[in-house]
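As written, the chain order gives the labels A, B, C and D, with residue 1 at the start of each chain.
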Amino acid sequence: MSFNSFGHLLRVTTWGESHGPAIGAVVDGCPPGLALSETDIQPWLDKRRPGTSRFTTQRREADQVRILSGTFEGRTTGTPISLMIENEDQRSKDYSEVASAYRPGHADFTYDAKYGIRDWRGGGRSSARETAARVAAAAIARLIIPEVSIRAYLVELGGDAIDRSAFDADQIGANPFHCPDAAAAARWEQAVDEARKAGSSLGAVVECVADGVPAGWGAPVYAKLDGDLAAAMMSINAAKGVEIGDGFDAARLGGEENADAMRAGPKFLSNHAGGILGGISSGQPVVARVAFKPTSSILTPVPTIDRDGNETEIVTKGRHDPCVGIRAVPVVEAMMALVLADQKLLHRAQCG
Amino acid sequence: MSFNSFGHLLRVTTWGESHGPAIGAVVDGCPPGLALSETDIQPWLDKRRPGTSRFTTQRREADQVRILSGTFEGRTTGTPISLMIENEDQRSKDYSEVASAYRPGHADFTYDAKYGIRDWRGGGRSSARETAARVAAAAIARLIIPEVSIRAYLVELGGDAIDRSAFDADQIGANPFHCPDAAAAARWEQAVDEARKAGSSLGAVVECVADGVPAGWGAPVYAKLDGDLAAAMMSINAAKGVEIGDGFDAARLGGEENADAMRAGPKFLSNHAGGILGGISSGQPVVARVAFKPTSSILTPVPTIDRDGNETEIVTKGRHDPCVGIRAVPVVEAMMALVLADQKLLHRAQCG
Amino acid sequence: MSFNSFGHLLRVTTWGESHGPAIGAVVDGCPPGLALSETDIQPWLDKRRPGTSRFTTQRREADQVRILSGTFEGRTTGTPISLMIENEDQRSKDYSEVASAYRPGHADFTYDAKYGIRDWRGGGRSSARETAARVAAAAIARLIIPEVSIRAYLVELGGDAIDRSAFDADQIGANPFHCPDAAAAARWEQAVDEARKAGSSLGAVVECVADGVPAGWGAPVYAKLDGDLAAAMMSINAAKGVEIGDGFDAARLGGEENADAMRAGPKFLSNHAGGILGGISSGQPVVARVAFKPTSSILTPVPTIDRDGNETEIVTKGRHDPCVGIRAVPVVEAMMALVLADQKLLHRAQCG
Amino acid sequence: MSFNSFGHLLRVTTWGESHGPAIGAVVDGCPPGLALSETDIQPWLDKRRPGTSRFTTQRREADQVRILSGTFEGRTTGTPISLMIENEDQRSKDYSEVASAYRPGHADFTYDAKYGIRDWRGGGRSSARETAARVAAAAIARLIIPEVSIRAYLVELGGDAIDRSAFDADQIGANPFHCPDAAAAARWEQAVDEARKAGSSLGAVVECVADGVPAGWGAPVYAKLDGDLAAAMMSINAAKGVEIGDGFDAARLGGEENADAMRAGPKFLSNHAGGILGGISSGQPVVARVAFKPTSSILTPVPTIDRDGNETEIVTKGRHDPCVGIRAVPVVEAMMALVLADQKLLHRAQCG
């Protein structure tokens, strides 16, 4: 219900601004007795952390997470788990000109329009830095669903899609783009370099697959698994589209092509549905896809206005990701984990 | 929070099955003093009602709505508004074979997997008939946002898209497809006829534009306007994808192409963002697009299993829409209205 | 979150006004597979129904409940259960003078102050008639907690308390006051008769005991079992106080008197705590007590004002309960059942 | 909905254990533009802080609050405000024997029964230390309702009530008991000293009055102002009873005595209702009363069992308040402020 909380039963509340003293999350509703320490969370944050390749922002953050509550002797107690990550590399001066003029594509104008006040340092609350708190929270969610394995990767960058026939899961961790197609990764390297040199940026599409989800998670009508995933994914910074299974391509199939026939098992002969029927998981892999717009912070001057309504131009200096979609990969995984863990608990509540 | 309720402050709870005695909605949180009678709701239901052209199911439902509470002397009182629509044309016999075998693409299998019991008559709760309750509720939501006008239409059917340069708003009401391009409508007529004759079905893409939304509606991080819209749209039966603004196409643009430059006014020189930045409305038209899969009920036999796990085939007789996307148009509008009215109240709560 | 919904997971939304066409409840989140028909609900409504003795209002309502959704072949399906009770004996004319003047002790003034509009017929939404919907919903809640037995009764009427040493559970159903002390019931009969003849009214205290609640239901900090019970009970019309266990008397005990010592079993040597420690059930009987003010509708003229602010006097004619506490007994039981069933599901969600 | 969050729109999530590294609160939904710094919060924490007189626990905590997010240049931004208070004086060794045996009256047994694991250091999450987070959060709530002034005080201690005719508001801050009756304060001093020396403890009743609440806050049926207050107050550690207005005494009045007659203004000639009618504020002072049981930690040995079910005795050494009711005063005020601020926003949302 509240603005910064997510989930029905596994409730995650995130807080913090890009250039405040810290960011964090409170994870409420976690089952008791799960082994949990900072070392269960840190690797996921490290995966998301900026500055790990030349294709991401050079902001340096250790992103060290601390657990401030909710565990005892290395196990969750069932009480809220407070996670905190201190902000370290806050070069607020880089953002000084953002204070007065609105960066097109950013939330600068809309935050001002809504609140009449805006923490302009690094985008404040609208910064993608907030997603570190989600990644930390999702590390806990993963402990709740050990039966599920989640894997996200880029399937398209700057309009250049992977070759599905060349899909190699082992490649995902072998290149800075989380790309399962080695040839595509090579092309993308060049594309991102060019975009950065040109002061431009690129969009991307992230795909996420959750294996091991049993049939029965999700609920009608407004707690559908796909509805929750759509909200979760669209809440990620720069997301502009969400698909489940074949998504928009399903709208181009005939009824008999799209039907996932069943055989004894039960098993399905295809998975156009992306593992969800009527808002409830079918036992097949859950598949979601998320479109990310190109980074709005670019070096090309863009016409804009200042707070007083005067026309001006803006160049967003600072340090930025030329393609935010790359760093969105662990965030998409995080949101998948949060939704699934929450729905598991919800299912258990109603159906035992 | 609950499974069948929607909205933060304007809370809509829908109930009812396809072949039960009635369906309905309880609308809670509506501002007092709004003029409301059945005649404000009925036209929207009539627009959604089946059997109005040969391109939709021939099920006949008067879909007469009754207001059972929440109004006094023709005005809303601020107390919950209970809406009921009685089911009339319930030919449960048509569905008898659905009782034992699972229709691929439907929720038959997943409901059984989740609940261990399933009202198989017409899909029960998973039937698109439930959307009538949403359309009725949204008629009330519209009263809360008189400053906003909402218009949805089909932009693609069976993979055949409209010609944007031929967009004519007046055409939308002039053909049974809610199609703004007369030439496309003519082609679609043929396509749907062919699909129906072949016992097949087609998918579609619905676009929805809300004009008049002021800047400032929506909230970080999990009550973003686009996050709420994504959940709302994905909760519609047969929806498989949601886009805001340029959506997946935004992922194919360069940063400078995608940036919506601003000039004094404030005004924007383009609307790639679909009227939402950082989860908050920008004052531009809010644009969403929803992909609907082809109707899963087809006359072509599809391999499936029965409740005991035995392999069989199924043909879904009954009366069905050859393209559910057509009848989804008023439902997409309804979800847009519900989200916007809710966010208007939420904004007023926090920002006065 | 919403105004007219109750419960975390077992969500009950009630609707309806005293003199509208009907009242009802939507019960969402009910586990599937429970045997349920109208005959499971009707007896509880009959117990609450007015006009069963000369000590309650003579309004005649059959209070026939209909199940409109959520069951199939006599079992719950896990989808929302819609319950409707049509209003029959609506003598709106009795309330005509209430239309202009505010009845002291009633919600007339505050509804007008809040909403600027008010359904004055029989109190509209603020009428205790709404509690019939709760009683109906609670009949379903009881099916979720077969291990629990709930019993409420009056322990005080008009300031005259029962003799605890004369407590006889069998007496509760043997007199019109749900009084476990036969001697007190006899005194109360006289007291209520006198009050009615004098055009006055009396208050009462209802005690409710739930046996069979296992240890472990409830949760810190804001979903405490006692916190939920307090909200539930205080939401009943005319309730002005809620106690758990010894309640206010606990504030008068020394620490060693109040401590419920434990012995192997585990068992407790006393139950000052009323079965709840730290917001979580202890396995002892859960005990709550609710104070009801005297009926505000009295025949004695009371100074008041009309809608225009002019001073006047009002006599509330209509048909009224001389002691609303009597008819509150099944409502208190209902709220206990709703809270416990909800907390059972909540506990199962988090702790398996 | 979640276990550790409170409020409809002004959502407060608290976290932290008595002897963990810190405790805190996240306040979401706060209106933007309010002047806020740590100095607005600290005085309220200082008022609640232990060790300020010999009548409260000698645990020493600076209780320094830090604002980690949600403000910019000294004003709230509308984003979540994260508050943190580090724990300093954590003598966990004092609690070592609590690790194995259950302290009667405490949540030790019930937490173990629920979660199967328990942070036994100082009561963990069930410690009254959690209320510091509420007091901090409520300091923000107070900024939202500048029109309201809230004042709580003890009206009874160890069964010894104040003399209402001797009520002197100036006395409240003049003695360590927040007692408005100087003579009673003198008696209580002796009583508490005796109880402490005897290794015993005492209960108390706190009264809280909110002046300046306009008519119209609160909502039917489950968001009633008194229902929210009941939940809020009962959620405080050691609370066992809640009354609104005359509370249980109202049950002993006749209908004409209890009716608060109205005169032009509007004004009321009395306030038996405690400022709430039908769950909505009437414009009169809102009055609540909360009963606190005697501190469960006492030096007198009490029979109990250990985790293995063996019978034993326990003496709770540590440092404890001989009467928790004394330190509950600022917490009661805090909960009043949180409820009222939340309901103000809720009212604004629906009624503009």
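FYI, a contact is a pair of C-beta atoms (placed from the backbone, for glycine too) under 8 Å apart; a residue touches a chain by one contact, two chains touch by 3 or more.
Quantities reported herein were computed from a predicted structural model and do not represent experimental measurements.
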Which of A-C and A-B has more C-beta contact pairs: A-B
Relative to subunit B, chain with the most remote C-alpha centre: D
Subunit A-subunit D separation of Cα centroids, rounded to whole Å: 39
Subunit A and subunit C: spacing of chain centres that average the CA atoms, whole Å: 46
Separation of subunit A from subunit B, taking each centre as the mean of its C-alpha atoms, in whole Å: 26
Multi-partner residues of subunit C (each touching 2 or more other chains): 1-5, 8-9, 14, 29, 32, 78-79, 114-116, 125, 219-220, 350-351
Sites on subunit D touched by subunit C in the complex: 1-6, 8, 14, 102, 104-107, 109-111, 113-116, 125-126, 130, 156, 158-159, 195, 200-205, 215-224, 226-235, 237, 239-248, 250-266, 269, 272-274, 276-283, 291-298, 300, 302-305, 309-311, 325, 347, 350-351
Partner subunit A, residues of subunit C touching it in the complex: 1, 9, 29-32, 78-79, 219-220, 345-346, 348-352
Contact set on subunit C toward subunit B in their complex: 1-5, 8-9, 11, 13-17, 20-24, 26, 28-29, 32-33, 66, 68-70, 72, 75-82, 84, 114-119, 121, 124-125
